[in-house]
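What follows is a set of notes on a single structure, which appears directly below.
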């Protein structure tokens, strides 16, 4: 089972100019064959199906650690898509004008507006839904690791290309972070394969052949050593990952390390404002807020919401009373 | 982001007589339209896409809490499938005999054997992959809750039918637990709708119209009060769920409660033995164990694996030397 | 079995400025998960699979009545798409010029032009085909009704958003009508659930929370009382629907009624002109007309076609000889 | 728009020995690429998209007439599947025993039991859902007719093979009828092509090369002349079909005719008994019946249900009190 | 088994102005239901499954001959897509600038850039993947031929429309050639049906009703007699095709012939330049070239590559050093 | 373009006891994610999309050579499925008895009988169609090779498991051959990666960890050196493959070689007898034979069919007159 921490693994910029076409492209990193849902669910299913866990504990611990991080990547891509879609529909006295979506006709993924509430979807950049055929879980440890190394390679390709295509600040912050963390996972799987077979795969790095030190948005994370560190994403478990994840980084030669802390500190998410034109969270969001306030009071909760959100978060009332 | 706890939410019996046809049916609860992947990913995407979190905090906290529990349900169904498939292929001195899968021809889901390593798949009972079309995330809070109430209703239907079809002890333990916990989620969504609209939906329970107190495998969980309790599945967050989840249970009249503890205690998973006929975790599992042992030693880890598994867990060596 | 009446359930405006991107969006109401194919086929399959029809006759009659109306909605959306696509390709002396589709490259759903003849498709706004996974037919009457209430809610969401996105007169006439009629179905299913369970669901209306009286294109239909009336769509059958469909309308308090007449009067469809650039109904439509005329004569049919079409219908010869 | 007549186009035998594996095979005729959903929706979409209706009226009328008949075929296949599944689960004092579905594990289409209520599904014999890619609507009349002739050929193939595979009386009655009626449609499309092009396609009959007079279950329908007759399935419209559908039948030389009456007389459907093990129409069907009876009384309806069902229809109470 | 000849069946122009939106449309001819993958794989599977080959040899030989040609059509469409995508991303000193794909956001098929390397995909014009449901292989020779005639008709429709929509020189050269060759296959299947049944189908030509002699890009191929000639695509086999493929061409009356030579002479493909922005064939293509050169030397191969490419082929170094 | 040689790459045994359930399992090697359609179409698309062919010629030649061999593997799997299905339906005086498919109800892939003519399908072992999402063609040479190495690993897994599940002689002959040839491709891609990157991947062999010398059906091919040899499958092209494919075999140390001859000698296919119950090649196959004979005579062809088939091939007349 899992516990949820209501923070993102890294900070994302708040909404700025909306970019619906860019958001449609970023979806590739969410619901594409090489998107984060794929990395997440591949490793998760492999960990569920792992036989002989005690006997092969370090490898099981590796899969569990990486799998758990990937949930946070799905969350990050979703937050990015939501950020990029914010503001794409107009607000008029808290109500949507009559043709509020007219300018979006023919732009981006129509489901962002017609089916969803300017929110992320389990779909790729073509609007096709993620599906379970994207999960490989053969049960054969060497094969699964071979697959995972390949999957991370394909994922890196997709991230680089989305980086090149989408200049929105949120997309750039996202891809900068994911390239660094994906790089760690790519190394981890290659190293695990080496440990099991003796093959030397380090010369395959980087693949694609762009070093992350050429990408500006990767630098803050590299400077914090995030390219060397594996988190266990567990308070107590998965400690044996260190038996596999060690040795020099293939590109920099620095030593790989398992982090002491269970997870990166991260940052609170931005509380995105309502988009009443798409009924998110409703046609009259202020009524929902009012009801919530009453329920909170009845339950003896403090006047201010107890949740943590970023300092950029909108005051939902402000957004709604904007004329 | 999430942390993983390497325990199941409830105890499952260890492998007994294998049941490949039953495992194929249980897959409906994993990758079916109303399976646990659907409940998990629906609520997770809805929480990612939630706008005005501070304004509508109790509802956000409710979605996050339930979403997070659902991961554990996916894990439980997967463990059940794995348990039921264990032993379906013979072992001969640690090696698979030549026609090791011959008796499985035409039985169950062929991907359990031909594609996977006698492990769970993101597929339904017909072998069709789960897909993102099963996720509904309109952004409209009332609609999303209406959907979720319906989804839990459909999920309860499927669980009851799998209960009736599959008598394997693991499947029965699974469905007994899931029916109780799914019932809590069904009530929670109906209650949230009541809070937002004033509609009185409690007379819709139970739906389907079988009270869980008629199902023997539900009783231990009901006796522990699990039918009344919502876990937050977070150390500190999601505390405002209590503003929504309260009042009498529609069937028993007992008071609903938010648990003090973040999650149920649960139980360690069984470490399932290798199945070399399908190369899980390899054709020669003992070599993997040997390598792992060496890596563990090099890393200064204790001689015994540090992970927690159930007392029923197989000694992988024992399994492999069985003639 | 069914009989077909060659009229639309409501009047649609004739072709005006073509709107291929809008037509692609309107497809969501045809082949989307919440489109009219879904409502139609859900209720139709539920009626086919209804057990204990005599025992539960009023509910069976309700499903049959609504199911049958939905066919007409599919027909209306299709007619709207066809109307909006008419004129999107040029006509030159009855023949398509060489690059007749060049301006449509990259606009709308490419299958409207490359695969079809500027006609409606069983696809959604992303060009993905409708599929049978969108049908829910559990056989459990309460569940099916719960589903149907939810389905109508999602359908209302989609209609409102298409209304906001597409300003073409045909699209507006369509959504105005469908919102009113869909509202009747939404109420009908909620009322049926109330009758079976005693739950009070009326406070869920409207959902989404926009009253139809705020939408101009709904008003003519509301003024004719179409928001209160259920048609049986049968000469003699389905009379027991009145045992379920009655009581006050949740938004207006007016009494719901079962119409005396089997179906709305409706209006004839516009006979849309040929589009020879996409070979509809042929590269040389006048030759088809000539053959048809000869066959009609041989069969002793009157000189003028016997079918009923709207007064706006094109003279196909006129269209073809336009320079 | 359409009106529904609550009768089947031909009589089907009442439930006898259940045949779940046979029902799974019969699904090919419902949701398969060449199943009745395909014929129905192909011709329906082609009629919706028909341009120049007045100019090419006889062909439009032909498409509409056949399309409308196909609805009744979908209804017939569904009724057959329902009939064959009836009795597949046991009834014990009106309640399902604990392992009521155990014997069905591994048999037939699992969705008949786990997802549905022993009812028909929009799926093929492999459990894959019907989808919109099966619809061809090019707008080019000659092409659409070429497609339709081919589609009927493929449909005839599938019907013959289901006939050979499934011996259940309902399946045999179904295929006997459909082969005769499908034969009429196959001829109609070939004849329409001949009229438009002058090609002589009659020597393609029968295709596959089994004359229906070799199939015993076809004989009653042939004796009634059903192999020669096209119904318009409309009170007043589609009269110009006679300009196309005429001339000699390619196999018998008899003259083709357009029926005077709008539709075949048909027969009432059997009211199939509840199957409480799958909650159809509920876990406690007698309660639904009781509620319905009360609602009927309140509405001033007669004591006996007004609907028409076959004389073989079960008394739902009888079924439920069987011990 | 097959041998590959590294030439295209006809000459294509070299890259000129890139046309990503056009390339997305051309994909319909590759991965669409009526695209070349469909014709190729339909006839190929039918030939694999052909029973009684010796007894029905001329028909088997016909299927094999046409099937084999279709591979070359898939190759041609792919080359066209690749040609049209060449140059869509900028090159700066052999390296991709930071936002190299920014101008492509929202244009064409995003997988051409995000997933692939500006290359062809097994997808249609909507970005949906080709799938095996598009293959019809009933085993019944007459039915399979009926299908194939229809398939070629639909394919001709799609080619004509792509011709009308896409004016890029490569697309026009492609469709001009394919229309002529597809016409031969359409005639061949109709003729085969005539031979087997006696039906006279020649009046169905052309379908759609545009004679290829109205299309300028068809003329060079018609002048070479390519509209009359069937190639066997085998050194020695499939000689009996001449027993079926003979008689007058339905449009021109000229005699159909089986070519003496096994295949058309064709032309070498253009060696398309690297596109480093999408890492094709790598981020630093010159390094790959250098390695290849070294390997060639070690293997004793001549200094110049031995492969045959068109005279328009880029010098990869030139492309990379362009500023 | 390609030429077709009407021989199989290796000899398959003639039909013996039919094995429909086994044939359904073997389909995984045809239409599964790791089946031969996937290997074939992956490498083929990669070769179509290859940029800088002259610069990277040895790698292009490698892809083309292997791609072309894979066609023959698809052909072999298809022939195996056809062989295993032969005889599954009875023949009675050349005509199918009335319930000819009754014993096949619930066995194997229903499409083998209901949709096809006891022939191979582009589907996997679950009856799901192959689709274009299984093709990876990134354009990045290193990535594509990484993918291909992984794909061959997964393919080897599937072949081994089908070997274990299906004992039919044709399936065993097939998997014995494919394991040897797939092994060559697995080595080739790993070697190519080594050449490009310097990584040493040879210790990954064999993966899965079963040496082919433990599998009896591999031995004849190993003895002929087929595990060391790459064929170019071209008369003249692809000669530079020798610059990549060389060095020691990772398991045996023997030197890898590029074959002098373009392709293996192979063997003629068995001409499989008609199966009239499924109309393959027709309901009355002898009539087709008779027509073919007449056409052959008219064309001046010799009395005996000119095609080459194996000595085990059935006399179609013999099969048909068996009582």
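Letters A, B, C, D, E and F mark the chains as written, and numbering starts fresh at 1 in each.
The rule is short, and it goes like this: a contact is a pair of C-beta atoms (placed from the backbone, for glycine too) under 8 Å apart; a residue touches a chain by one contact, two chains touch by 3 or more.
Computed from a predicted model, the values in this text were never measured in an experiment.
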| item | value |
| --- | --- |
| Count of contact steps on the shortest path from subunit A to subunit F | 1 |
| Partner chains that subunit A and subunit E have in common | C, F |
| Furthest chain, CA centroid comparison against subunit F | C |
| Inter-chain centre distance, subunit C versus subunit E - centres from mean C-alpha coordinates, in Å | 40 |
| Centroid distance [mean C-alpha coordinates] between subunit D and subunit A, Å | 48 |
| Overlap residues in subunit C, where contacts from two or more other chains coincide | 33, 115, 126-128, 133, 138, 140, 142-143, 157, 208-209, 278-279, 282-283 |
| Which pairs of chains touch, using the document's own definition | A-B, A-C, A-E, A-F, B-C, B-D, B-F, C-D, C-E, D-E, D-F, E-F |
| For the subunit D and subunit F complex, residues of the former touching the latter | 21-22, 24-25, 28, 32-34, 107-108, 125-128, 157-158, 160-162, 164-167, 208-210 |
| Touching residues (chain side subunit B, partner subunit C) in the complex | 33, 133, 136, 138, 140, 142-143, 146-147, 149-150, 153-154, 157, 193, 197-204, 207-209 |
| For the subunit E and subunit A complex, residues of the former touching the latter | 96, 98-102, 104-106, 109-111, 113-115, 126-128, 277-279, 282-284, 287 |
| Residues of subunit D that touch subunit C when the two form their complex | 1-9, 31, 41, 45, 48-61, 64, 67-69, 71-72, 74-75, 78-79, 82, 115-123, 129-133, 135, 137-143, 195-196, 233-235, 237-240, 242-244, 246, 262-264, 266, 269, 271-275, 278-283, 285, 288-289, 291-292, 295-296, 298-299, 301, 305-309, 313, 316-317 |
